Every structure is written in structure tokens, then in C-alpha cells.
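Report on one structure; see the data block that follows.
As written, the chains take the letters A, B, C and D, and residue 1 is the first residue of each chain.
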């Protein structure tokens, strides 16, 4: 899927690991802290082996204290370090939300620009592993509501490998959401020190009939849907948002100008999700370009249940995307 | 019944209860490998004496709040193994209707309030349940289980303070199995003597050998009496050990095999039967009988689960909101 | 502003106080807990005098432990009580978010319907009192993203008086957001035991040219804008959402069907706010009715600053609403 | 200089510092009534000995984290009163550019990291600042101020554990003024002996008379030396009292006038001058001189603030995101 990656194929989790290791080698101020990042090797095995390479001061296992260690990450950033804080999953990050929203996001502005918070927070997000109602939710769209933080969602191995460097170079708090279903994905990744653009969305597949606008774990469903639609003669363009805050409105609008139809695909709950924001922006910037109303394919508004068939029904599916896009292109949106 | 017969009955009950848990979970591990159980599965193997011992101190009307490692608590609290296994399978006949799976066992009938997969997330709920009892003048208590890792969470401290400040009938049961996933207690806590934490709240606390079901039962009985009698909370720290991986995804890089081996020597399912034999309360035939009984129950549970049905997809949104007041069980 | 209130005029805060007192008199299971609700009289003087009436067991001052006392509220609801939990402001409620999202919102669903959580959480929201970047934000739209909870936003004294009763009768967790600028507002309120509808949005002012869709503190700005627009010959219809979750789509769409133009006014930050959801719903349900793209007037995407002139510039203003509506009606939306 | 002269100098310095805070805040109250200061305004009147005493133990390179009740800390830390007053006025010349107001004083030059209006919200920041120092091998310390009310927050406990576990150079300074808004410490804490809380974390703690500036300074000096020397945290509980309302919105229904009166007898701005007179270190003329000096500074500060300008509205979004790496002050 990556377009210009020339390196060897690797797992998404390994790409993140290599990015962390590279950052730690290059900058002494960088360190990683979080629950079980060291001796355990990371709850999703992302950080396996890093403790042995960098030692327990820089690969720092924390107690179960999300609020305090995220806050300590903010403090350490203020104190001149470049912390990478891992929070195991988005659901657990709610425990640290006060520090993220009330401190990390506000300190620069309310101090009149005296302080920067060069902090990276990584967390796993999303469903699909049957982890049920306290482990499976997608809060990245929610975080994207907060001024003062940036939100990244790597959907490819290349992005997983390349987003960390610019995130660490950023003087602002950057949150990186890693979809749990992607950790084992293998793709070609670039070699050596790499940095990808962290300002723009990108078109992952060209098409003229409909734009499928998505990010993260759902990108792969959208790409599959694109294939299936192509087989029916519908050419879907797939836009990977990549950066959820600040949103790259221009790339979205450009795509809609080409296709005149859009489906937003998001694993977050529908109401008030990032899919609503994308729809609203298209409304504001490309209303007169639209041949039909923008549609959303998002998670059902339920706590994600455990059994596979119910979880599957709750999350966006390839079939659901295909059907929605097909109806949209065929002019059947049921809109009064 | 003679005192001796009573003692024997009680001892066999404790043994049977621990064995039910052990066999149930060994089966779960097998079924996990067979992909009939999915998601996260956290086994209690090695810690059975804690749940079984504590449950002896509870009345039917008391409440239980547990964690994602709660099969043992569920079984010893009296949740039937069929619906429990069906829950693991995600079947509609499961105790939570199949929606929760291993980490989210709920049962209104036994006042079992989860099955909470947010570490320390159940502790404030226990405080609230106890507050409700206190305000309604009921003599019930709430037993709240959590690990030593949870003791680092703010929710733990805030909750202990509330319970002590308001004299609420909570029996806090900390299962100190030395690890939170792969993090040793010495890497979680500056003060590793967990029972000492309660000094900050003027709450009575006892540390107990969690591998000794009789010690657990005895301390739980006394502490529960304090809680029920005076209405204030009490804290028990059970020193125990998990023999198996944290969950099915754990390669156990963080501990030596030797350490596990040492603790296995204190396996309550080894030491307790040995003690009973010593006291002349158990022989091979009886043990075989108990094992057979337990096996029968387990086979039935698995059959029940396997015969279970899938909740129709059309019901996905049911109970996101409760439409009418539900019966609140024995609340 | 209220249409059928026949009682005496009272402050919004007094209306809430009376609603609480009434509920406590009628149902022994109802109690109130929160920081300084008792001896202090409530940080915004809402609960003044209740301690004297009902005693410290039922008007329960809590320690500064938002996570635990909100969680205890959930537990008490499970245990048969009908708790009203007061969290001082939306910003502080982030400390309790884990309990709200991971427990209150999930327990019924993930237990297969075995448990109900009849809990009411009240909190102050919004800006306008120069309380700066850790006291002034509007998170009600954010909460409205969460399945399993309901979100109410009383904008009138009548609603402040009447929403508590149905909220307490609801077997689900209900969050009530009280705008800090409304506490001192005087309006006529109904007498005696009252219950207002908590399912529907309502039209507070009729009009045919444009719909101003809003709620809470912004309602009053929208009404003023309606007056100003009328003076210019533009007839604005003002819709008060009242219930942010579940949103009453029908009332929104009916209004847009009448006016064919809409401006959503929200004190939450623009990106990912409830204004985006309203816009997206209009897109989905009334696209072909629209004469122009739906516009949003929302908070600037900044931590709300202290000085009056900057705070004023950050929040929606009457002038801003008027200008946006005027441009929309005159056909100048700058949309490509 | 003779020892006596040194003692006198130091004593007058402490007195002057406390007086600067007292007069500054009395003026603030007046300006609040005149609507030149808005928002929430929390006065430190009565507690001045704490901030002044602790600041004596800090080096210029150390860091300070405070609360919304932080004028005293800001002044005694060396933030000039002009920009401080301008901040109260919301003027661009304010120490935080006017954006923060009374509750959000920030100053990179003195490493003053707020001014935090989330109760206990600054405590984890202090831990992180100390972690940065520790990892970078610097001998600096971070002084973290908070009230006894904050001690009920989970953030407090989690932070103390982290600091003790990782041996971080934080000097925790609890200002126990008996009330959190209107909530008495006995309604906040099941264990009201706040210094005891640290037992849960193996952290050394001392309770200190917070109305006695010499006692505060002496304890702070010793504790800071421990923290700086060994790198581990220490905890000081200052028993103090706020004479005025919690904020300008408080009708003080929760305490008796008599209680306030009693504490006023221990006002450091009464007792300390009396002590100095007793020791022959202060006479009327000197006091008048100090008062005049303080008044002069205050007049200048108010004039500075009143002459301040409003930040252009076009700058509203500036610093929501930092565009380039800012100078990090003396970090």
C-alpha cells in the first residue's frame, strides 16, 4: 500500500519499535515510559527488546497510574526531556484525560507562549480482537476535538515507522493512535532514519466516482471496498486522513471536487465522531460540488460486545462500505 | 452431625470449590487454544484459596465486585458453571448474555457486579454499593477484589478514603500475587507492604497467607464480622501467586521459572489435600469422587456452552439504554 | 422565553434547587453528593439551604475525589439508590470520565441487561465569567458521543426546574449540563411537581428564512440574534436542542425543511463539536432541502483565555451569529 | 557583617516578603471590588509564612509548581510585582501575557510552572520536572505546593508513589489550612493527620507550624537538603489557616467567626514582628520604612498594570500550538 517505501517488509509493531529505538539512539532526551513497556515487552509486544538495549532508566516500566505518569510525561517535557508515554489502550487513557486536556493542551497558550510541551503519547485503539466493552473503543476522533494537541493515526507500516520522528520534533503534545488490528500487519517500510509528512492526508487509491474518507484501521477496509467496487465498475478514491488534528481539509475537499460524492468511514461511534466533522467540513467547503449527501459508515452506537458476530456487526465492514458507496453512486440515499 | 463430620464436610467443600475453579480454568485454557474462547483470558490458577476462602464469609445478600480475573470468584460465589462457560463462548445463554466474555461476568441473582476490566475500576462501585446499603440501613457488605497492581491507581486511594470516611461496609480484598502483568510489586510500589497503605486512611488491615484456604477463610470471617458489625470497612491483603501467564498473550519474560516452581510447592490444591490426608479427612477414594463430581459438572458446563446459541445481530442495540426499570435482583 | 410557564419568576439556580428538594421529598432513595454541596452551599450556590433541610446523609459533602465519588454514585445506583452527583464543572469531570464512560455507560449493555444505572450527574459548563483555561470549557457535546448515557442541557428556568424529575426516573445515567451564565437568569417557572419532556428539541422562535440551532447558554444569544435579524427583515427560527443525546433529529430536520438554511451555534470548540454532528445529520436527512450549506458558529479553537476581550472573541457572540445568518440568507457563504 | 546584622537582615527580609504578599493581596481584593480584577481570585492572607519560608530553601535553578492560590508563591519566588499585577488585570504585560489571570501565573525565568486551577493537577507535573532533572543528572529540586483538600485526589497518591519509587527530587509542600473551599479536613479525610499519608509510600515527612516563618524556613531548608542530597522526595505538612474567604464568591457559612479570630492571633504578620521587636531586631521606624518600601513597590505595580495594554484579539490563537522550539528558560 505504501507508495515509495523501498525497504524490507516488516510488521507494523516492529516499525514502531524501530522508530522508538532510532529516536532513543539519536537523542538522549528521548525516553519511553508506560505500563509493561520494559520487562513484559509491551502489552502488544511493540517494545520487545528495548529494555535490553536502553536499560530501565530510559525504558521505564510504570505502576498502574495513568494520570500521574502521563502528567509526569508533561512535566518531563517541560523539564527538557522528550518523553514518549505509552498508554495501553484508548479506554484506559480516559484516566489520564485531565492531564492531557487541562494541562498538556493548555500550558503553552495560557502561559502566553512561555512553555512548550514536546510530548508524544502513544496508545492502542480500536476493536476487532473481541476484547469487549472496556478495551475496544476508538477515542482518537474525540481527542481530535481538543485544541493544543495534535492527533496522528498511522495506517501503514511506513507511517508507523515515520511518524514518530516528526512527532518528537514537534514542540506540542502529539498523540499517536495505533490500531490493534494493524500491529501484526506486514508491509514494506523505508530504511534508515525516516520522517514522513505529518500535516497532510493522502490519497491511497485514485478514483472518480466516490471518495472513501477514512484513517487507521478502517483504511484497509476502505481499500478492500475500493477493490470490490471497482469490480462493479465504481471507481472509488480512498483518502487516508492520517492526521486527525489538525485535519487536512484541502485534501478532503480536493477529492470531493473530483468525485462529487463521499463516504466517511470511521471506527468511532457515529454521533459526534470524527466522521461528523469531516461531513461538516465538506458541507462548508464543497456543498455546491456535491451530487449527493455525504454518508457515514461508523461504529454502531453500542459498547463493543465480546462475541465475534456482534462485534463484527458493531464495526464498519467492507460489505457495509461497499453497499453505502454503491447506493450513493446509484443515487439512492433515501434522503428526502 | 458430629464436630468431626462437620469439619470434614467443610474441608471437602473448600477443596471441591478450589478444584472446581482449577479444572474449569484448565479447560478454558484448552478451549482458548481450540479458539472456542477468544479475547483476553486471565486465569486464576494458584490463587483459588483466596476467592474460595473469602466467599465463605459472605451471605447470599452481600455483593461482590471483582476484576477481569474473576472466574474463581464467580464460581465460588455460586454462579452456575454452565452459564459461566457459555459466557466464555459468547453465547446468549451466558451469564451476561454472552456480551461480556471472560472479563465481564455479571450476575444479578448473586449480586455479582463484574467482572471489571479497568484496573481498579470496580473499587469505586463497591464503595457506592456499600453506601447504598448504609443509607438504606441494611446489614449487607460488599466484598471488593483487586490486585496489588491496582493499588497504584488513584481510584484505589480515593475509594479507601471515602469508605473509611463514611464508615461503609466494604471488605477490601487485595490479591497480592506479586505481579501486575509483568511488573513486580517492587516496581509498582515504593512501599511494598501493601497492608500498610491503609495507615493513610485509618482502616484496619491484615495480611494473610493467600495460599492457605483455612487462613483466608478465618481472616475473612473475622474481617467480615467487623465490617458487618460496625459498618466500617476493613482491608485484607492476601499474599498469593499466579502460576500461569498473566493472560494467554504473555511470554512471561519477567520472572524466573524457579520462582514459579517455588510457589507451586505452596499450591493450595497440593497443600490442602495433603493437610486433609494428614488429619485423616481425605483418602484416595474421596478425592477421586470429588474429582469425578467436578469433572461431571465441567463436562455439563462445556456441553451447555457448546449447545448455546448466538444472540441475534438484531439485538445489538438492546440494553444500550434500559427501557424500563429492570428488576434489581435481590438488591 | 418559556411558553407555558405560569408560576412565579425565579432564578435558574433556584429552579434547580427546588427540583432537587422536590425529588428528595418525594423519594427517599434520592440523595445529592458532591464537593461543597452542603456546608458551603454549592460552588454556584445552587444547593444553598438543602443541607439544613435534608441533613448531611442526604446532602453529602465529598472529598476532592471526582473519580471515586462519581464511581460511588454508579455503585449506589446499582444498589438501589437514586443519586444525584454534582461535579463542579465540566473541566473537572474529566477526572471522572473513566467511571462515566467505562462503567456507567457500559454496565447495562455488557451485563446483558441485568443492571440499570439510574444515576443523574449534574455539572456546570461553559464560559463567560473569565474563569480561564481550566474552568470554562463546554464538554457536553463531547459527552454526547457516548452510547449508554443521556445528555440534557436546560437553557430555560422551566427546563432547569423540570428536567430533573424525568432524569431521575430514567433507568439510565443522565448528565445535566448547567451553563454558568444562566444560574442568575430570572424567568417564570412552573409551580409544583413538574416534569418536562426530555426527548425532544423545541422551537423557541418561529421563522422561515434560516434555522438557528443551538442549546444551553447559546440559546439566549441565538434569541437575541433572532431579534436583531428580524429588524433586518430576516426571520430566524430558533431551535433549542435541549437533549444532546439522543439528538432529536426530527425537530432539526422539520425546521430545516421550513427554512432551507441553518446555522448551528455551539459554545463547544468547533472541530468535532456537537455542531458538526448537527451539520452531518442535516446533510444526511435534508440535503436536498438545503438552499445553502449549513454553517457553524462555535467557540474558537483555543483554551479559553482570562481577559474579557479575548474570552469574548473566543465564544460565540450575537453579532457573530447575526453576521453568519445574514451572509447565509443573502447567499454569500464563500463556498466554492 | 556581624552575625547579629545577618540575623537582622534575614529577619527583615522574611518580614518584608510576607508583607509584600499581604499588601499585594489586600490591594487585589480592593481591585476586585472595583472590577479591575475578575474571574476567580483566591487570597493567601494568613498563609504567607509558608511560601516565604519555603522559598528561602530554593536555588534559582529549582522549579516551583503551585495552585490557583499562588500570588504569595509567585512574589516570594521573585516574579516582579508589576507583571504579576498586570496578569491579574489581564494585560499583555502580565507575566503570562495576561491570558491566565490570578489562577495561572507562569514564569519561565524563575521556573514557575503555574498556577494550576485543577486541584492536585500540578502534582504530576512536579514529578515529571523532577524526573527530567534526575535523568539529566542535575542537582535541582522541584517544590510542589498544594492544599490538604488536594490530598484526597488520586493524582496526589499516584504522584507520591512515583516520586518515592523513582527517588525523585520533589519537595512536597502541603498547605493544610483546614478547609477545602467549605469542607473541613475532617470531612475530607478519614485520617486527618496528613503527614501520615506518606507512610503508604515510605517517604519522609514532617509536620510544621505554618504560621511560624522561621520554623517553615528551617524545616524547608533541612528537607530541601535531603531532597537535593539523596535525590529522593520529602514531604512537609504546614499547619496554617486562611483568614479570608476561599475566593471572592464565598460567604463562609462553614466556619465560625471565633475560629477565624483565634487563628488571627497567630497571624505571622503580627507574631513575627512582635518576635523581632522582642529580640530587638525591629522598631517602629524600621517597620514604617519596610511598609513604605512595600507600598512603593505596590503602587508601582498597580500603575504598571493599569498602564498595561490589551493583547490584540487577532493574537487569540497564538501559542495554541508552538510553532518553533521556544527558549526553555533556565531549564
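As a working rule, a contact is a pair of C-beta atoms (placed from the backbone, for glycine too) under 8 Å apart; a residue touches a chain by one contact, two chains touch by 3 or more.
All figures in this text were calculated on a predicted structure; none of them were measured in a lab.
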{"item": "Chain of greatest Cα-centre distance to chain C", "value": "B"}
{"item": "Higher-contact pair (C-beta pairs counted), A-B versus B-C", "value": "B-C"}
{"item": "Where chain B and chain D are represented by their mean Cα positions, the distance between them in whole Å", "value": "47"}
{"item": "Whole-Å gap between the CA centroids of chain A and chain B", "value": "36"}
{"item": "Geometric centre distance via CA averages, chain C-chain B, whole Å", "value": "41"}
{"item": "For chain A paired with chain C, centre-to-centre distance based on mean C-alpha positions, whole Å", "value": "30"}
{"item": "Where chain B touches two or more other chains at once, by residue number", "value": "98-100, 104, 116, 118, 121, 152-155, 158, 161, 165, 187-189, 320"}
{"item": "For chain A, residues contacting two or more additional chains", "value": "63, 65, 67-68, 91-92, 95, 98, 102, 109-110, 132-134, 147-148, 301-303, 305"}
{"item": "Complex interface listing, chain D residues touching chain C", "value": "38-40, 90-91, 98-101, 103-104, 116-121, 149-150, 152-155, 180-184, 187-189, 246, 249-251, 253-254, 310-311, 313, 316-317, 320"}
{"item": "For the chain A and chain B complex, residues of the former touching the latter", "value": "35-36, 38-41, 43, 61, 63-68, 91-92, 95, 129-135, 300-303, 305-310, 313-314"}
{"item": "Residue ranges of chain A in contact with chain D within the complex", "value": "29, 31, 57-58, 62-63, 65, 67-81, 83, 98-99, 102-103, 107-116, 118, 147-148, 150, 171-172"}
{"item": "Contacting residues of chain C [partner chain A, same complex]", "value": "67, 91-92, 94-95, 97-98, 101-102, 105-106, 109-110, 132-134, 141-142, 144-148, 245-247, 253, 257, 268-269, 271-277, 279-280, 282-290, 292-296, 301-303, 305, 333, 335-336"}
{"item": "Parts of chain B lying in touch with chain D, wherever the complex brings them together", "value": "152-158, 160-161, 164-165, 187-191, 196-197, 199-203"}
